[in-house]
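In what comes next, subunit A is part of two complexes: it sits with subunit B in the first one and with subunit C in the second one.
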Partner chain A sequence: MNRLVYLIPLGVFAFIAGLGGYMLTQTKDEAIPSQMVEKPLPQFDLPPATDGIKGVSRTDLIGGEPKLLNLWASWCPPCIAEAPHLDTLKEAGVPIYGIAMRDTSEDVAAFLANHGNPYVAIGHDEISAIQFELGSSGLPETFVIDGDGVIRYQHIGDIREEHVPMLLELLEQAK
Partner chain B sequence: MIPEIGLAALWLAAALSVLQLVAGALSVKEAPAGGASPFAFYARPAAVVQALLATVAFAALLYAFAVTDLSVKLVATNSHSAKPLLYKLTGTWGNHEGSMLLWVAVLALSGGLLAGLERRLPERTMQAALAVQGFVALGFYAFLIASSNPFERLPIPAAEGIGLNPLLQDIGLALHPPTLYVGYVGLSVAFSLAMGALITRQVTPEFARVMRPWVLGAWVFLTLGITAGSYWAYYELGWGGWWFWDPVENSSLMPWLAATALMHSVSVLAARDALRTWTIMLGVLAFSMSMLGTFLVRSGVLTSVHAFAVDPERGTFILVLLLIYIGGALGIFAMRASAVAEGKTFAFTSREGALVFNNVMLTAILAIVLLGTLYPLLTEAFDVRVSVGPPYFNPASAMFAIPMFLVMAVGPLLRWKQDTAGRINRELAALVAILVVAAVLIALLAEISVLALLGLALAAVLAIAALLPLRGRKLARVPTATWGMVCAHFGVAVALFGMASESAFTEEKLAAVSAGETTQVGDWNVTLSSVDAVAGPNWTAMEARLSVARGEGAPTVLNPQSRNFWSPVQATSESALLTQWDGQLYATIGQSVGVDDDGNERWQLRIWWKPFVTFIWYGGLLVGFGGLLAMVGRIRDDLRRRKGVQRREEEQADIEELNAGPRTLPEPAE
Partner chain C sequence: MRALLFALFALMAAPLAAQDKAPPAPYANVQLEDAALEAQATDLMETLRCLTCQSQSIADSDAPIAGDMRHQVRVRLKAGQSPDEVRDWLVDRYGDYVTYTPQVSSTTWPLFAVPALVIVLVLLVLWRRLRGRKVQEGGGQ
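For the complex of A and B:
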């Protein structure tokens, strides 16, 4: 019995090492088919995440050209990593709507001040309700929404440089 | 030529680590009981010379960076001739290869120090420890030479270097990674000693006394490195925060947590001969966390704001090293631990009981941090990307930290082996009263979160409790090590106060102002006097002149900058700080946001007033200083004790000689 107790650390380590080894063999950033694709956006109406910017509701996203809906938070390091690429998308003329998760007005303002503001509007989702409805469990995530308010693509994880052309292509297709 | 000398030194050091491993291992295996093996001679000199060679290798790289030798690939990719000399030098470890060379150099130096200075252990245990140290070093030399050679030459020297991450051009960077590394890698000695003791079955109080100063030494550096790193991130990143739960930060926190637990449990082993296997386990765990941290940071399996070069081949190499060292150590532990007798028992209400409780709490916090750090990796294995942040780490770690702080207040007042709460009921009542009064007062005076409230109240309790062990004692007679404990525990209270105060009372203002306008934050008036373009050796910046005054007080000028570096191109925010005894004013300037109605350009200003934020780092320094005092005290006591033992032995020998010696005394006259 006693002996088995001393095996626990080894077991925990084996698990961690196995996980690390497995992840090293995986190429990152594979496109993942999402359950939400081809489904209409759920109903929501969110207050602004900070002063001086508009909130986001479902109706804002419907009509006109395709848009990006980006779920993020000021406390999420990968969101910092993707900030410059959102700026690139914005410069390419893509309207980007943000939803900040479990955040505070000050932190959102600070994030925008430090990492730029690519957003047309940012809603605040205090309890991750919309995140749940959108079938998203982590941050950041980005959705391509077409003019009819239908989700065309769900990008899980941070947007990296190599994803920018892909997203632009998807937005073009959604027209 | 110099880089080749560096590389040669590295190869020679690797060869010596093989000698150290083989000689150490053979002398453990062959040693006749009590006697010395013929191989025992080699391990110590091998470790010492290896330390010198690793230092030579590191010095060679420093030199290449100092003179910007652009034929060396690492210099060409990470440095620039226009950089100030100081930052050329600090650039040596601002990259993967250089920092790994520093890592290995510190590892060799730790081994050299151990071999050169430590004479107290049984020789067999010492040989086993040196063999382990050599074995660990060998793997990392191989890693460096095979996949991260810092001395690699370019076929054609580059015309100019391509710079250094401008965020890293800062004096904070000059200091905090080397300090952290000394702590991180210094724990290798604790690892080797623990393995040596386990292999030779010498887990004794004497062994604990030998191990203690080494643990304390590494722990002091780790504490100071984390403190400095936190301050560096605070003023250099310009985000106004002081801890981000970033994987890289967590990688330094986890060994610290393990080492803190180890430091306390090794004291229990030294004083009471209890917690034998637990101490060995923590000795293995602490350095394992250092190596795991190195893996997480260097392999790029996790996304971090500390962007390092990502290379799966290197990741695989480190993972294999991890499997050999951590897996091997834990495997030996699993086989041998049951053979180590469990040592003395004790009652729950005792000094040991309190220490064990807090050991468990520290380990639980370690598990929380480890889980949070690895969780994104775990979910990613199932193709889900998540980011774990303060909403998880803060409450989850507080859940264990709060009971830990409570026990920490009481523990030092308890006696060893067995005690009752009744004996210290007056102290207990006083501490509970402070806790309740402080909590109620703060709750009435300010509307703050529960965690911050608890933090402030606990800080008050801990500050008083830390000093209680001095009560009723002649201060001149209190041992240095006890002063160390008092100082470190008081430092925890100070840091906790700073953290809670920062999170509860920070005031923040984001404003767009034009020259001449004033904005308020807290009781400070901040006036933007002007914004000018300024230039440095390798950057240009927009610099704001802020005139800040507290209420009606005299104004002070602050100059935050928004800097643009050109090699490589990158923008950074240089914050400006005004430190007062009761807090810091923190100012950054953002972008230009157009013009106001009168046509004046408006600038984004972000100002924080952070009451008592500096106490976080003062506390960290106190904790580190306490560790230093404890180390000095322990070493001195130990030297004194050994001198005493030696003197007694000599006296004993004299007496025996007198009794047994030839009777030269004249026969008493008849």
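For the complex of A and C:
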């Protein structure tokens, strides 16, 4: 019986090695969820991202029906992929506010001309300051904001066709 | 042939160039005027994780978002915040993930509890064995 005690370290080692082996077979989830979900929207007031469009401030997003806040950039390829699905959401009557990250006025204008403009307004975040305030770590990301200005949901990565009904449902719940 | 190679390399560089068009934030690559404050900033930046590169600190990373994070660190220290306040500001938004220096929280407490537990266990075993030996020696004389 006493001798068996010496097998405990071997057992612990086998368990850790087994756990490591199992983790190797799992796909790695690299998304960093924001801790700001279920918290009120931080204070911000951003200038327009390009000519002929309005900028975005916190007060624009508060009150009335739930809204989508979409973080994107003209230099971000997945943002091109999600553009048609943002159009679908806009056609369904969802107000979408955009924030362009580290962008230039000309590039934003060219992106909108090429891929359409589903936005009510687009602010420009030159130094990712609002991205940090929102706890967002990549592009594109989309937040569901309810009428009280509380962040209800964070969608990490591009919106695909299959995400549209889910987002519409979440917007309905946020009313 | 050489021209073709050049063209190929230029094509490969295009996606990188696309992201770097916007100028870096003012304090991304510029040190603070106050050397002591800059030293504090460097120490802090070495313990904060870059959000897109994930296995590099923001002091190490060339990613634009790491530059923007360095800007936040320097500007906030310059405004009089302590390094811990700046770290907490990021942890509040990204969780423990963003810091390389673990903080005690509901998920990280075993990190701190387990070593203490092991030390207590070892002391207990040691104490029992030494006591056992003393009793044996005492009995022999």
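Basically, the second predicted complex is superposed on the first by the 141 of 175 C-alpha atoms of A that agree within 3 Å, B and C clash if a C-alpha of one lies under 4 Å from a C-alpha of the other, contacts with A are read in each partner's own complex, and residues count from 1 in each chain.
Everything below uses one rule, namely that a contact is a pair of C-beta atoms (placed from the backbone, for glycine too) under 8 Å apart; a residue touches a chain by one contact, two chains touch by 3 or more.
It should be emphasised that the depicted structure is a prediction, and the values quoted were computed from it without experimental measurement.
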item	value
Superposition-derived comparison: subunit B or subunit C, residues of subunit A touched	B
Subunit B versus subunit C as contact partner of A:Gly138, first or second or both or neither	both
Partner chain in contact with A:Phe13 - subunit B first, subunit C second, else both or neither	first
Partner chain(s) touched by A:Gly21 [first = subunit B, second = subunit C, both, neither]	first
Which of subunit B and subunit C A:Ile80 touches, first, second, both or neither	first
Partner chain(s) touched by A:Ala92 [first = subunit B, second = subunit C, both, neither]	neither
Touching partner for A:Ala129 - first (subunit B), second (subunit C), both, neither	second
Which of subunit B and subunit C A:Met36 touches, first, second, both or neither	second
Residues of subunit A that lie at the interface with subunit B and also at the interface with subunit C	30, 32, 75, 77, 102, 137-138
Of all residues in subunit A, those that touch subunit C in their complex	30, 32-36, 75, 77, 102-104, 107, 126-129, 131-135, 137-138
Residues of subunit B that touch subunit A when the two form their complex	238-240, 244, 246, 277, 281, 284-285, 288, 292, 295, 299, 301, 303-305, 307, 312, 315-316, 319, 322-323, 326-327, 330-331, 333-334, 337-338, 374, 376-381, 383-387, 389-391, 508, 510, 573, 588, 590, 604, 606
Footprint of subunit A on subunit C - complex, ascending	15, 18-19, 21-22, 25-26, 51-52, 54, 64-65, 68-69, 71-72, 90-95, 97-98
Residue ranges of subunit A touching subunit B (in the complex, touch as defined)	2-3, 6-7, 9-10, 13-14, 16-17, 19-26, 28, 30, 32, 73, 75-81, 102, 106, 109-110, 113-114, 137-141, 156-158
